[in-house]
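Could you have a look at this structure, given as structure tokens, before my questions?
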Amino acid sequence: MTSFCHSCVPLACLVVATIAGCGPQRVSAPVADAAAASAIREGLASTAAVAATGGEAAVVGTGWASLKGRFVFAGDPGQPKPLAVDKDTEVCGKSAKLFDQSLRVDGSTKGLADVVVFVRKSSRVKNPVPDAPQVFDQKNCEFLAPVFTARVGQPIDVRNSDPVGHNTNIDGTSFNQLIPAGQGTTYKPDSEMGAPKTVTCNIHPWMKAYVIFRKDGYVAVSAADGSFTIPDLPAGEPLEFQVWHARATGSGGGVVLARPDLKWNPKGRFVITLQADEAKDLGTLEVPAGSIGT
Amino acid sequence: MGKRLAGIFWSLLFLAVPVLGVATFAIAPAYDHWLPKDVSEHGASIDSLFYFILALTGVVFVVTEVLLFWFMWKYDESKRQGEATYIQGSHTLEVVWTIIPAATLLFLAIYQMNAWADVKMRRPAMSPTVEVVARQFEWRLRYPGRDGTLGTADDLFLVNDLHLPIDEDVLVQLKSMDVLHSFFLPNVRIKQDAVPGMKIPVWFKAREAGSYDIVCAELCGWGHYKMKGRVTFETRAEFDAWLERKYAEQGATQPPPEAADVAAAE
Amino acid sequence: MNTSFATLRSTLLLAVVVAAVGCGKTPPASFRLNMVQATKTAAPESGMEKPWAAWASERQGQVATILEAMYGTPDEPVALAETGLDLAKLQLAAGPVRSDIVGRKNGLYREHCVHCHGISGDGMGPTAAFLNPYPRDYRPGKYKFKGTWRDARPAREDLTRVLHEGVPGSSMPSFALLPPAQVDALVEYVRYLSMRGETELALYTYAEQELGVDDTLPTTKEFLVDEILTPIVEKWQGAEDARIPIASVPTNVDFTKPGDDPANRESVARGRVLFHGDGGCVKCHGVTALGDGQANDYDDWNKVIVEWSKEVSGGLGSAQDDAGRSAWLHAAADVIEGDALRPRTIPPRNLRLGLYRGGRRPVDLYRRLYTGINGAPMPGVGPSGPGGKGSVADAEIWHIVNYIRSLPYEFDGELGADRPMVAKDRF
């Protein structure tokens, strides 16, 4: 050690030791309240008969009705972005260039397509689950339906009309199958989804669609001009509808609108009671620009 | 008076060193703190070398320490009678106490050459019984399979559970997958560093059946302390039967029957 | 220079260093919430009066309290009767490492698993950031290497097998030398951590879907047990019955012989046709099966972070004027930075190495092909559920297995030095 700086070494050690504890810190997470936890635990362990929650008895009416409306987009959708196609380029994007289909707004009518409207809980269903399979196909390395719906228990014929193999991966289900060129396979959903889930292809990562399985089948997807219809809804009971869009900014993908007459709630839901044989028309449902994100 | 007491205290303190040292070695075997059980053929020669060196150094140690105590006791400051003799050093002494240890070392080096050669140089002419690949933090094993050649499609892959036959020469091919490790079988007196990029042969012959430890003896990372395996020595017949069982498990085309039976019974 | 003062100063400074480096008692271990999911599902709604951070923290505190009620703490686990978990096994695995009154070792999870898998089973222990692939996050309840349908939970022997064999090619070691009772205790504790993680996710989903901003999570038995816990437990208890059927091996397949043996030639040829066919195996695994077909996909655990991260950075730009949303997205960004591992892509397996993470037995390869690998992009070629139809007949899958097993040795002797790395050179 030179006579110049006798304390250099300890000083350096101090600096190092202090810095050694630094680094990206884990976010502070809330802790449990131990007393409240034991109270809850006692409640869970009790075998006392639980008093039937006095809540409203489920209102069940008779008859059937239908609901329709039309979604329009008040904002500027911009130009659809082209997708980065870097696999099987001799086939993919050959017949038509591939664009991002997550926000489809009709130029003339401003209709917002691919909005999913479904009933969150219903007491009765008019039509039984059909046996005939619905077709879900892919061609030119894109899924032909950007949003697809099916009923629980209804067979889906998942097809591949391309000359290359695809694997169709439905998130949250047991289905991730390799489908060779020109072939297909059947899938029967066995449980319903609370919100639409993605369908992707792992071989061609730009491919994306949405799918929702519901037990009662009261689901509609808005068409290119933004219009939708749900027939055969149970009349005489309050029905809560969820409105969803792939790029909506509401919680869980809900579309938030200004419709105080429908008591539109911030989660993208509204409640309506239909009369028997009523064909309720919600009119034009304007989706503000802020409700659809990037 | 105080000085004399101090002198007595310090000399007795230094006497405690050889006394406690010898006592520790004397009672350690009773507490099983001694060499691990040796089941190998060459182990006896290694152990006898250890004992020889222990005896040699032990005697020198005791003599030196006792002398130290004696001089501290006899020539304590309180008994000083006049000036101490100042000498410039003794050339004869320097030569004597250089020559004697050097000769001892030379003797030891020559004496142990045979034992070293047996373990590290006289490789038996045989193909490997097993390939051990050290990996952070386990021992991956590869047996040659029915065709007797490593690197073919019928090799048997296992982890941590090494089985070897007794009463035969065994050749282990030692490799490392990542960093330095050391293949240490205490009960067979084998220790060999596994160097990444090298294929190192290790051979020995076990005389007695039983299950013993494989431990890693070269610091290899945070899991070095728990990088343990198990070596099981068994007769050739038992070893072959075990290999057959493992081939069958590795070629399984159905889940093992016990699991399915358990599930059926549930 | 006054040396005694200099020495004193040096010693003093050294003493300060030593004191600064570590003082204080260690707090008892506690579970952490899944902060990524907690923030992801806590979007602010218009018309919230409280500032977002306070509201979210209160909601998360409720979730933490409910989880402690249902599952206890890392030192004192709780197993509700409805979960079917064996509390004695959990107690062996939980808590600090110690011996109990009969001399059995307790604290097994903390001794063997916590440094990689984390105290909450989140795969983010202190060692995790240095490992590739990352340790398993038990909380979503997804497991890769099992013998049940793709979306089903693993059966107990699948978990036992992973503990016994380890996962070759990853940092998961083999625990074959642990006594079976300890392995069983660890398997039970993994199921416990998984159930706890899934309960947490179910509570967040419920809060996001059903609760208004001023509502609190219900803590009644009907809600917590019947609505939240029962579907989770049913999936775990149904795992034993959700095993895939294993087709019998065709007569022209002999797994005791190598791939180029005449007994297997026809089968390996058929497997080669299926592998290189228009199914698409080579699109990811490459025409040479070296796993060089594609390198930009993520497994499910990393994909959640990648996609959420994209949404957050996209939303940050447009949320400048909304205080609640801005606070939410900034908090989400902090969580992604500090409470999640950096996402890594998952490369397709190099089939020439002879290294199979889920096991090298023919039945293991059959299972990977049949259902694919849950949580990974690997698709299945068998049916997706009982009674379904796959893209390859069940018995034909054995030919693909035979071909794959022959791949590491395929060029032995043929091309000589100019050949892909084969299993005999690399283990």
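To keep things simple, chains are lettered A, B and C as they appear, and every chain counts its residues starting from 1.
Just so we're on the same page, a contact is a pair of C-beta atoms (placed from the backbone, for glycine too) under 8 Å apart; a residue touches a chain by one contact, two chains touch by 3 or more.
This is a predicted model, so every value here is computed, not measured.
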| item | value |
| --- | --- |
| Innermost chain, taking as reference the mean of every protein Cα atom displayed | C |
| Most distant chain from chain B by Cα centroid | A |
| Interchain centroid distance [CA atoms averaged], chain A/chain C, Å | 24 |
| Distance between chain centroids, defined by C-alpha means - chain A, chain B (Å) | 64 |
| Chain centre separation in whole Å, for chain C relative to chain B (CA means) | 40 |
| Footprint of chain C on chain A - complex, ascending | 3, 6-7, 9-11, 13-14, 17-18, 24-27, 29-34, 36-41, 43-46, 50, 53, 87-88, 163-169, 172-183, 185-188, 190, 194-195, 202-203, 205, 249-252, 256, 265-267, 293-294 |
| Residues of chain C touching chain A in the complex | 1, 6-7, 9-10, 13-14, 16-17, 20-21, 30, 32-33, 35, 38, 41, 43, 45-47, 57, 60-61, 64-70, 78, 80, 149-152, 205, 208-209, 212, 219-222, 224-225, 277-281, 283-284, 294, 296-297, 314-315, 317-318, 334-335, 337-339, 371-372, 377-381, 383-385, 388-391 |
| Partner chain B, residues of chain C touching it in the complex | 115, 127, 147, 155, 157, 165-166, 168, 171, 173-174, 176-177, 240, 243, 246, 249, 255-259, 360-363, 366, 398, 405-406, 408-409, 412, 422-425, 427 |
| Residues on chain B engaged by chain C in the complex (per definition of touch) | 131, 133, 136-138, 140, 142, 150-155, 157, 159-161, 175, 177, 222-223, 228-230, 247, 249-256, 259, 262-263, 266 |
